[in-house]
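One chain, chain A, appears in both complexes that follow, with chain B as partner in the first and chain C in the second.
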Partner chain A sequence: MSKFEFPTSIISRPVYGTLKARSGKHHLMIADAEGAEAILDVATPDLMANSHIIYIPLGTDYADKLRALSPAQFYVGPTYAASVSRIRRVLERSNMGLNIYLSGTEGLMGQAQNEAMQAGFAHSAIQTEHRGSIARRMQCVHCKGITEDVEMDPFVCSHCGLNLFVRDHYSRRWAAYQGVCIDAEDPGNVPASKGIYAQGDEV
Partner chain B sequence: MTLQFNDETFRDDYTFKNSQRAIDRFPFPFHEDSYMYSVNMEQHRGGPKDSIYEMRFDVDEHYVAEMRDRALVLADDPLRCQSLPHMTLAGWDLLEVIMVSKSEDYPDLFELHRDGDTWRWVNKPLGIDDTFTFMDETTLPYGPLEYITRQAQGDFCVLDQREENLWMDAGMITTQADWSLDFDLGMNFFEWHAPVPLAHEKGIFTRALKFLLSIQQGAPARRLNWTMTVNPLLDTSPENYHKWGIQKTSVTPENIGTKQHLRVELQSFFRLPRSNALVFPIRCYLCSFDDLMTKAKWGRRLHRVIRDLPDELATYKGFIDNRQMMLDYLSKFDDGLPTSDGVFANEDTEPALKV
Partner chain C sequence: MSTAPQKAKSGAEKLDVKVTAVVPLNELVTRFEFQRRDGELFPPFSGGAHTVVQMVDGDRTRLNPYSLMSDPADRSRYAISVRRDDEGRGGSLFMHRNVKVGDEMVVTYPVNLFSLDLRAKKHLFFAGGIGITPFMAMISQLERTNGNWELHYACRSKALGSYVDELTYKYPNKVHIYYDDQKQAMDLKQLLEGQPLGTNAYVCGPKGMIKWVHATASAAGWPDANVLSEEFMAPEPGAPFEVRLCQSDKTITVGENESLLEAIERAGVDAPYLCRGGSCGQCETDVISADGEFVHRDHWLDDVEHASGKKIMPCVSRFIGKSLELDR
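Moving on to the complex of A and B:
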């Protein structure tokens, strides 16, 4: 699957790289769905011998391929929410020499990066690579509710029901982009939704 | 001078009003007939007598009403005041700076009596007389940041300084021009300014950051910023935008003079002594178009600035839809005569409007 090139945007918007194997005794890899491909690309027997992979398939069938890499530890979780306590535990007992690799959706990478930062790892020391869905994790600025996997703009807040437009302004603390009411000045006048990266009006 | 505090509101029936004194000292932000971003910093070392620049933290006729409005905002949304755990010391620093400044600058309104760590704070306008132990949070009804900024006009960003950057790690934000503390908390200087158009490309934020990082204790700085607000609404927050946004459509050619307000922020920057944090108060002043037009120079100039402002800025500041209506109104106060340099109205020397 080819990688999606995100358009250039404002400075708070995260940018992702390409995973590279780093030297070190401990490697933690957290991925969802097509994020597995990035691990497969970087994996070597030496790296895998010291790697702990936490993987959330989201309906894809990469788990067996990852297992076949024979990582030192391998966990498959059904959802990020189900996996997060394990992620916290792993980060908590790790020393600062841990190498962290995140790949897959923006929502997965943002939330796992946030956990790592809270555990004391600098965000710049964490590698990321986007693969798969370009959907966003959005926070409604009005009700504060998070709507996962937003692909269309505008969209309806899954908590308060307001019509929100998708901003590029991003908070690492929330691991989310900001959604703002689109029809506040003209209630009911909501333009037709289109893909977030459809040609036009980035805000 | 004894201040008379207005009994007024910044919501619902909007009884906010500026006295003649408040209009005379309004911080008109345009020093020439056009506007573009600049790092317009200067030292915050007083200013003309009775101007808003004179004191470190200006207290004016709106003080009591603004604090009442802040309490209403916080009751609705406690997330408007937040402080990351490492910022408590900076909160105490800020409490000290404000208490010392206000008690020295306005001794008839505020008193601070210190006996070691036992401090007594008297705030006469708000009817507060509290004794507490400095640096002991359990002796105050709120954390130090929230306690003191419930008693100080303007928003307060408290910025941690590390990695050659400033981090929005605490704040009291209830009178903001459409940005969210809850969302921006923890961001660095470039990140929280990310949505601002044009300024990044001009290098404004790189230069501003360099200036701010070097601010020393006892040598605060200041600048003005501005936007437009329909109705004298302090809480133009994104959180409540779905409620107040509709008010922008209530402007008509008949009511624009009273409804449309120029919103000016006096931003100042103080280095805090123990934490080395930087506090960034953003004090909001509102003035209706009708009141502004009583100064001939301001009328001429505001028309020219709004007319020539790049569309990106009018959009970012949220008044592109009303700009033509503003210009129809403002053009009646612009006879084409030249204006003098600087922000002050210069009523003695500026020619009256030719009719």
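Moving on to the complex of A and C:
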């Protein structure tokens, strides 16, 4: 099951929808891992004839299924970092009327949305659908370092080593949630880590 | 008179002005320019803002909104351009026939419900007829900051093309004019296709044109957030109807040529307003009971609210039926 119902939270927390085919002549779809399923769900021959798919499998085997949709252009990249120059180039060469569809992990959608916003998109004009891992891209508010794929709360900042509490406070500019030192007042007093969405005592 | 704004009841704060110029542009459109009577500078405004002009016509007072079209950087004057509407409720006719240089009038502080989104990488303007006025101020504003803009302006004919000469003289490469009587039509589809990412479109003109631009842009894949519009809305005349104002304990009759809001004000009841054109939301009024049909014309309430019969925007909407009771 690749769909997860995120609990409702503060307004800063991004909410994701369900991809819908929009009218227009150009469609850019960026997905990672199970995000491929969202594209498979929305795909029609008409839509695919005008679609450019940029896909990062992260070890899954959806790439062939996507290729079988016969999109106008199809690119498979090993990582987001390796794909971002291509994303930028597509955005640079596009005009108004380009539709953007993002699906997969929050980290991928956030970073790709950020690129699109820099190219002139309003964040509300970009479609998103979450699929797959619920891990977060976290920024340490103290050292500003980014730790990818955080599943546990609290966690240790991979840059400065502080114990960080996973907040729902999100930065669109950094495409990351904010992590705040959990034991600043009482160093060493760190509650046991649990899954971010695990039930239990709130920190 | 002090320089402090007078806060007189509802609406934006008021400014005492005198008319310093009345400039007929063509058969239908005249420009009116104002200076403050106290000699002070006007409050600043941004392109797209409007002011509500108070017109005292015998024992009747009209309050009509007009886009400010002067250069926002010039705080010595405000200017509006008024198109004569022979079928309207008389505000524009009053301006054209009665207002002379030297007259003392009252206008409100500017209110902007149609402002530029300065995050946009390019501003694409679509004007129809008198809908050119907000763009005059927006263009002056953008020129000062070297903004990227382009204007597509449809007019009935050369003779009725207000400000066409000035615009094409100053900005020959940015201004595109289309004359209806010469069957010159915008190739809107094509135009929308070639725009860089981050372009915002702005439309001001007749209802049909606004709908056309929204629909064409949406079909071309433009996000709704990138298409902004302002419809020139004036209350429409209609059959008289009776209204009970419960809070004030008054029963009033809305005349054929006045709006519900005007009738409420005429009865001496202070009712909130800002734009008087159905878009700001300020005048929203609760309906206590109604036996009849609403004629909703605002852009504020959504379809569900319109259908509910629980709310009305008295600046532009009317009622046909037996009885209407409002919480006012």
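Simple rule for what comes next: the second predicted complex is superposed on the first by the 198 of 203 C-alpha atoms of A that agree within 3 Å, B and C clash if a C-alpha of one lies under 4 Å from a C-alpha of the other, contacts with A are read in each partner's own complex, and residues count from 1 in each chain.
The working rule: a residue touches a chain if its C-beta (ideal position, glycine included) is under 8 Å from a C-beta of that chain, and two chains touch if they have at least 3 such contacts.
Since the structure is predicted, the reported quantities are computational estimates derived from the model, not experimental observations.
Peer 1: Could you tell me whether chain B and chain C fit or clash when both sit on chain A in the superposition?
Peer 2: They fit: once the shared chain is superposed, the two partners occupy separate space.
Peer 1: What angle, in steps of 10 degrees, lies at chain A between chain B and chain C when each chain is taken as its C-alpha centre?
Peer 2: 60
Peer 1: Pick one for A:Phe121: touches chain B only (first), chain C only (second), both, or neither.
Peer 2: second
Peer 1: With the two complexes superposed on chain A, say which partner A:Ser85 touches: chain B (first), chain C (second), both, or neither.
Peer 2: Neither partner.
Peer 1: Who touches more of chain A, chain B or chain C?
Peer 2: B
Peer 1: After the superposition on A, what does A:Gly24 contact: first (chain B), second (chain C), both or neither?
Peer 2: second
Peer 1: Looking at A:Ile10 after the superposition, I want to know if it touches chain B, chain C, both of them or none. Which is it: first, second, both, neither?
Peer 2: first
Peer 1: On the A-aligned overlay, A:Ser94 touches which partner chain: chain B = first, chain C = second, or both, or neither?
Peer 2: second
Peer 1: After superposition on the shared chain, which partner residues are touched by A:His169: those of chain B (first), chain C (second), both, or neither?
Peer 2: Once the two structures are laid over each other on A, A:His169 reaches chain B alone.
Peer 1: Is A:Asn189 touching anything from chain B or chain C once the two structures are fitted on A? First, second, both or neither.
Peer 2: Neither partner.
Peer 1: Looking at chain B versus chain C in the superposed three-chain picture, what is their shortest Cα distance in Å?
Peer 2: Between chain B and chain C, the shortest C-alpha distance works out to 6 Å.
Peer 1: Residue numbers of chain C touching chain A in their complex, please.
Peer 2: Going through chain C, the ones touching chain A are 120-121, 192-199, 218-226.
Peer 1: Please output the residues of chain A touching chain B within their complex, sorted ascending.
Peer 2: 10-13, 139, 141-142, 144, 162, 167-169, 171-174, 178, 180-181, 184-187
Peer 1: Report the residues of chain B in contact with chain A in the complex, numbered from low to high.
Peer 2: Against chain A, chain B makes touches at 79, 180, 182-187, 190-195, 200, 238-246, 248-249, 321.
Peer 1: So in the complex, the part of chain A that touches chain C is made up of which residues?
Peer 2: 22-26, 91, 94-99, 119-122, 124-125
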